[in-house]
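Below is a structure I'd like to ask you about.
For reference, chains read A, B, C, D, E and F in written order, and residue numbers begin at 1 within each chain.
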Amino acid sequence: MEIVTTICYAALALSGLLCVLRLVRGPSLADRVLAVDTLLIAGVAGVAVESARTGSGVYLDVLLVVALVAFIGTTAVARFIERRGAQ
Amino acid sequence: MSLADMASAFLLLGGSAFILLATAGIWRFDDVYSRIHAATKATTLGVLLVIAAALLRVETMADSLKLCLAAILQLISAPVTGHMLGRAAYWAGTELTPFTVIDQLRSADIEH
Amino acid sequence: PCHTSRSQGTCRPASVVEPPAVIVLLACHLAAALLLPWLARRLGKGVFWCGALAPAATVVWGAWHGRSILAGNPVVEVLSWAPEIGFDLRVLVDGFALVMIALVSGIGVLIFAYSYWYFREGPEIGRFAALLVAFSGAMLGVVVADNLIALFLFWELTSITSYLLIGFEDRSPVARAAALRALLITTAGGLAMLAGFVLLGEGAGTYTLSELIAAAPRSFAAELALLLVRFGAFAKSAQVPVHFRLPGAMAAPTPVSAYLHSATMVKAGIYVVARLAPAFADVGFWRPLVIGVGLATMLIGGWRALAQRDLKLLLAHGTVSQLGTLMVLFGAGVPAATLAGAAWILAHGAFKAALFLVTGIVDHQAGTRDLAKLNGLYRQLRACFIVAALSAASMAGLPPLAGFVAKEAAFGAFAGAPWGAWEWLLPLLIAAGSVLTFAYSARFLWGAFAPKDPRDLDTAAAVSEAAAPARGFLAPAALLAVFSVAMGLAPALWSDLVVAAARSLDARAPAEPLALWHGFTPALALSLAAIAGGLVLWRFRRRVAIFQRLHRFPVDGARLHDRAVNEFMHLADVLTGFLQTGSLPMYLVVILSIAIVGPGIVLAKLIHAHPEVLLVDRPMQLAVALLMIVAAILTTRATRRMAAVVSSYLVGYGIAFMFIIQGAPDLALTQLLVESMALVLFVLILRHLPALFRTHGAATWKTTRVLLSVAVGVFMATAAMVAVAARTHAPVSQAYLEQSVPEGHGHNVVNVILVDFRAFDTFGEILVLTVAVLGVIGLIRSAQRDRGRANRPKTSRRHYRPSPILNGAVRILFHTLLLVSIVLLAVGHDHPGGGFIGGLVAGSAFTLVFLAGGTPRARRAEPASPELYLGSGIMLAGLTGAAGWLGGDEFLKALFFSTELPVFGTVEISSVLFFDLGVYLVVVGLVTALLRSAGREETVVS
Amino acid sequence: MNFVIPAMIVLPVVAAGFSIAIWRRVRIQQVLGVAVLGGSVAGSLALIFAAAQAGPLVVHIGGWRAPVGITLVADLFSSLLLSISLITVLAVFLFAIGQPRYDKSAYYFHPLYLLLTAGVTASFLTGDLFNLYVAFEVMLSASYVLLTLGGRRDQVRSGMSYVIINLAASTLLVTTIALIYAATGSVNMAHVAVRLQDLAPGIRDLFGVMLFITFGIKAAIFPLFFWLPDSYPTAPVTVTAVFAGLLTKVGVYSIIRTQTLLFPGDQVTTAVVLFAAGATMIAGVLGAIAQDDMKRILSFHIVSQIGYMLFGLGLYTVGGVAAGIFYMIHHIPVKTTLFLVSGLIETMTGTAALRSLGGLIRRAPVSAIAFLVAGLSLAGTPPLSGFFGKLLLVQAGFASGAWTVTAVSLGVGLLTLFSMTKIWAGIFWGEAQEEPPFESARGTGPLRAPGLMNAATIGLAGVTVAIGILAQPIWRLCEHAARELLDPRAAYIAAVLGQ
Amino acid sequence: MRRRAAAFGWLLFVWIALTGSLSVLNVALGVAISIGLLLFFRPAPPATTGRFHPWYAARFLFYFTVKFLKANVEVALAVIQPERVRRKRAIIAVPMVGATETTTTLLADAVSLTPGTFILEMRRDPATMYVHILALNDLREARLEILELERRILLGFGPPGSVERCEELMTQVATEPQK
Amino acid sequence: MILSLVVVVGVLFGAGTYLVLHRTLTRVALGMGLWTYAVNLLLIVAGGHAGLPPLVNGGVPISAYADPLPQAMILTAIVITFAMTAFLLALAYRSWTHTGNDEAEDDIEDRRIAAMARERPAEVPQAEEEL
């Protein structure tokens, strides 16, 4: 199990790296937000992996909240983009 | 290692792989709309798989429910996120890739 | 050792008079000062008579106790004020004080009487009378105080009241400037004096003047102190080089000039020197300084008087000269000179006040006091002329008047002083001063009353007619002139007083009575020589005036003073302009530089302390750390507002994940939720602001910024390492982990800390939240309020189109999220969650509704007003805390109830839940308020 | 006292909560506010008597004994400052109630004011470093909001500087607390004081200097004061008045508290403090002389007088510290009175610019008297409170041989007087140099302000007279307080940790 | 009302599951809180509700799951070989029934989660959605595919008559001349 | 002591400082945010090594848990900073309604005095008569 989760973490870290690259590159605000959103989803996955690893439910609230927060954040910025134009 | 654990491990690997794939799409696709495709589908699947893996491992009812809620939330939010972002980008004038063959929204908007 | 009569008083503290009459008299002055402005509304000019009551009472008191005091039994009174600071209202009235009281209160009464005639009715009479009586009281205090601090108190009060009196005619810039000059100079001197007093007092261990004089301490500190005290005295008594302040003070109404600037206040410095000289004249360079300054003042004042056209200025310069003489006489510390000084000070008070009063009458009746315009008024103003002639003669030192008697005493005072040539040089120099005095006395009399040669006359504006003044108007001056005559003709009248005064200052003073005729002595010769010299000078008066006009002294003190003040103000401008740039980034650069340079110096010495260093203790830390670093740098490099926000948002998520890794689920939850609320808020605000950051500032500025940032970063990281390495004890949080379950009834230690162990922090924190929200609402409301008025900038107003998809999603999630938030609140004590997190989740639900449907939809979703949430949240938290008192325990003591209910079974409830509920309500109020105010213009078009 | 000490924080808070909930009902808020503040004043006076008799009073919040829980400590030092602060707060509140124009933007004024008071009270009473940070934040956040409540352009501009600089200072504060926790594992001040003794002296110095600078920003010492004169004058006058009296003094309080309790007798900081004291006095007074607006002049004087308070600490003798405390007690009501006078003048004429005013001695004698008393007290004229403050400092300074700073303090006194005369001559004497902006400033008839405003101002001016008259008993208390401060092991630490 | 009852049931379930206690007190509390929430907070005006057919709903769920997995494989392939989708991006207008909010949301979710499509915009009068397509092979087929998805949703969740309208639309699209 | 955390603390402080030293309130608010992250991380560092979440159950030794006190303090700091950020943003908005931007302008009165300092003081006029 440890090996599996380590591989998972590595994959998620790589995902994170790709997201960061997109964040740096842009070019539009929508791209950046998409990158952050995806990064957060990767985070959700990471927390889920941790829960699967330990079988503990301590971080499940976090899992729920990260997903919620990603949703709110992205929607909010989407509204901003819609109002203010491409950046 | 129990069967549940085996399944769990399998789901974990699959889920992570999909997420990696999705982010690769975000990096590789050529316009924001295409990237949204990658972000709203592959990641959702990936997360669902990982959550399923966790479901196999957690013990209490509350924990399972929390995982389910998270899955539902993800299922509901991912498409909405994609829609909201895509729509915003579109109305904000974010360029479509030149390989876009048809844009019926533009023509409808002009008619309007 | 109580060998002086003065210190006899202090050696018998039991002889305190009951009731403390002098202190009561002082209080009467104060009371009068407070009452007169109100009385003036009814009585008009009559208040001057009321004002006169206070000094009159003092005179009566003095007359009553005079015999006893003169017999060597001073009156001592003490009103304890702050003895541990060395400050008591300690009063000692001895012979010299009695002389001063005669001047202060005696002339004071006359001045009030004179003022009644001098002023026209007007709304400001009350203020003037009040100030005058306040001054009178302050001056009385100066001369009776036997405590250094009390003396300083009254001293400063005379400065302040004189400032207000000189500037009484406040519309005149000249008066204002003169008032300021007088104040600055006397206060500067006063502060020097205070420093001196403190040094003396601390050195001698007593602030009682008489004890100090008796002890006469000798030390470097004492010498320094005496120097400082003399500065104060010189400044007050208009000695060189600040003699210019006295003529300037003539801008005041004439009663003020007569009272403050001839009879009383300017003698305060003389008074202090007179008190100290007998004990300290041998110390250091006391005599050279005091005598040198006094002589210079005497000669310069007298010389300048000869060139004045304004009668008041003439008298003022004359006063300067006389003050110089007094300084010499009292400051020499020679017993006979002290006696002569006591005589001179009384004589001067009588003639100079009279002359001022006459000048005021002339001015009042003729409309000018320019001697080049007054022509032959002796006919119309005959009585005035007589009074002036007698007084001027006394001033000139003509027999048989008081001035002559005093001068005789002075000329003989230095005989036998063991100072070599000075023994005869000093009388000669004083005689030279008398030559000048004679000349300007003549000039005054001539200038005010004589018919003039056209060469001396400003023919165009000449005044040859004036109505005779009312009898009452002249009476005070006349009375003073009578004194001058009487004191000259019958020295025995005041001889006892003068002798007692001198002996109270210096027990060695001769008991020799004053006399008009001493026989043919060197003093008489000097007197005659002075008169002769004066006549010669008067003969050449035009040449003297022309000479003075052509050869002005290159330095004009007043001008120099004003320039110094201006230069100083310019310096203040320059320094302030340099320091106070008004630029926020500049301020921050300074503040942050100080904040790291200061501690940085200390830190540099500590770097050797190496803690055991690990790169990471969980591998994911590295990944998250890298993410955070990249995102942080992206934030700094962003050129667009929103891009910067999104990058920093990522840093926030990074730290949330770091919290997870570190084992802090509550923190991670809070961080995530707060971060998303902040993002929403940024979106709501930034939709108005320009997309791009404006770039400005030079490259050097950017370099500064980068360098300082690097320095701050390095400092903080280093400080962190050093501090962690310094840890010597286990943290107190061990106790939290141990007591959380048994004592705090909760498994989630962080939550137990928040709502129980350290609930008081949380209590403060919700206050901060509430306050900030009120601020947000207030600011945005204020913007809305002046939307109609101001031409506020326009932004692109693309309206939000609702999305049915988002709406649908929100409808599904909304209630569930609210329920989850309540669950988080309820289980927070044992699991991750609690009031904050619960409230934020509920807030997220409202935020979603808002994002889907704008403000109207959000309002619909959540009917109560934010203020209600916020207010009731605070109250609930506060009252739950107060419930701790109900249990007879401390504030915020958690209470647990556990009961058996029929259907429900065991019900356990803790007051901390209500506390947490208060927190929850505040957070909900926060979110709804932010959405309502910041999201206000989010209108929906469908 | 278990009740009184926390109640002085909690009651204003609960009243504020109620006021927020009924935010439109202004009259109720006013009555409630007066009642609560009056009660607090009474409570604080009771604290002085209790603390003078029994030594530092300690309340363990929630029943958790130090160092586990948060403790509130009322020793003589904090009780004295608390009393005078609350008296001032009450006077300003009455002044605010008396103001004629009721502005709708001030809906939240009363609760914010009460919360500000609660923050100040908590800052004086808390015995916990982190809780001190929280209390500061309550006080400061209320001050941010009160400063910008009107939303005027100059308020927003100055509000930005004020808020940002204070936030920077708060960040430094919490950073320092984090470092102290890292080194000692505690945040209870008494406990930290004990544990700091086990650390190397160097690291103590590090914390000492950091805390001094942090609180120095809040206290507006040289060269960290720039924000103050730019921001204070723009606020509504009641706000400026209460800021002027209180906020920086809380900074000074914290400097004195932390330096004496946590870093007793550290040479480094003492030298730094003395230097900062002198420089602060001079920089502040020079700034004041350069100004042309009453409120700005007064604001610079705040800075200058912070120097006096630090001077007392820098001497680090019982006499010096006690003199510093006395000076603080004097300064709070006096500075507030002066700002209230400027408020009266602004209320009556619409401006406080010297160029636009003149001759008010004839038109507004009450303001003139109040200004004269307070201004002279500020300049140190006997027998007003400021004189005793100055005298005590000079005595202590000479006793310690601190010649230079003592001389500076005397010279600055003269300059203070000079700048008071500038206001006096500019507003109460003479005629306006410039056409005043408002009609009311132009006439010649008497100007009237509402009675309550006048009464509050005169009442507070009376406090400076009273402090002068009661110099002896107040000095005794200050000396007692200073003795406790300089021997924390015997007093403060023993009371908190119960040894 | 039915909808409310369902919501209440769901909330009570969540409460009990999350608090993990079946005690009388806890259930009573859950009931009270759930009712309170539903009564006090109403985020949107009541919407029209459809009829729920469990059988068709289950069928839809299966259909959708398959499509969802396929979609992901396709996106995965596209990521690996972007050339596969390069020249085929499109935004197409698809007519829709949009019977209730629930069906619309479900449709949007479904469309967004299935092969290479997501909804860019949605309009009423006439109800149309604009769908971004990653790889458009045939316009008519693409439209029909989405309409088929809606039909299956309407079967499971739609009000009476909506399925028929959807089928009408499908014929209309199928017979419309290709551009 | 975890080096990676300390480095992040330093970087965040540095980046925060860089942003705070701007006139634009948006940047300043973000900089303040970075500072707070830095402080929070610093508190974590002050608390020592990572550990179990402090949800105590019997059976686990106390030393295994993460230090809860810094966590509670961080929570407070997070919330306070959020409140302040909200207020700063409102201030930015209000500034925009006045000036069209959210930049901190220089103080007018200070600039006036600095300008005055560049001029020479006015000459004192010669007194009329020798006053």
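Throughout what follows, a contact is a pair of C-beta atoms (placed from the backbone, for glycine too) under 8 Å apart; a residue touches a chain by one contact, two chains touch by 3 or more.
Since this is a predicted model, take the numbers as computed values, not measurements.
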Path length in the contact graph (chain C to chain E, fewest steps): 1
Most widely separated chain from chain C, with each centre as the mean of CA atoms: E
Comparison of D-F and A-B by number of C-beta pairs in contact, larger one: A-B
Central chain (by mean CA position): D
Whole-Å gap separating chain A and chain D, where each centre is the average of the chain's CA atoms: 48
Cα-centroid distance, chain C relative to chain D, in whole angstrom: 16
Centre-of-Cα separation between chain F and chain C, whole angstrom: 35
Numbers and ranges of chain D residues touching at least 2 other chains: 130, 134, 137, 141, 144-145, 148, 151, 156, 160-161, 164, 168, 175, 179, 181-182, 187, 230, 290-291
Touching two or more other chains - residues of chain E: 14, 18-19, 108-109, 119
Shared-contact residues (touching 2 or more other chains) in chain B: 22, 24, 36, 44, 60, 62, 66, 69, 73, 76-80, 83-84, 86-87, 91
Footprint of chain B on chain C - complex, ascending: 798, 803, 805-806, 809, 812-813, 816, 820
Contact footprint of chain A on chain C as seen in their complex: 619-620, 623, 627, 630-631, 634, 640, 642-643, 646-647, 649-650, 653, 656-657, 660, 665, 668-669, 672-673, 675-676, 679-680, 683, 686-687, 691, 795-796, 798, 800-801, 806, 817, 820, 824, 831-833, 837, 841, 844, 847-848, 851
Residue ranges of chain F in contact with chain C within the complex: 1-15, 17-24, 26-27, 30, 33-34, 37-38, 40-42, 44-57, 62, 65-76, 78-80, 82-87, 89-94, 96-98, 100-104, 106-111, 113-118, 120-124, 126-127, 129-131
Sites on chain A touched by chain C in the complex: 9, 13, 16, 20, 23-24, 26, 29, 32-33, 36, 39-40, 43, 46-47, 50, 58-59, 61-62, 64-66, 68-69, 71-73, 75-77, 79-80, 82-85, 87
Of all residues in chain B, those that touch chain C in their complex: 69, 73, 76-77, 79-80, 83-84, 87, 91
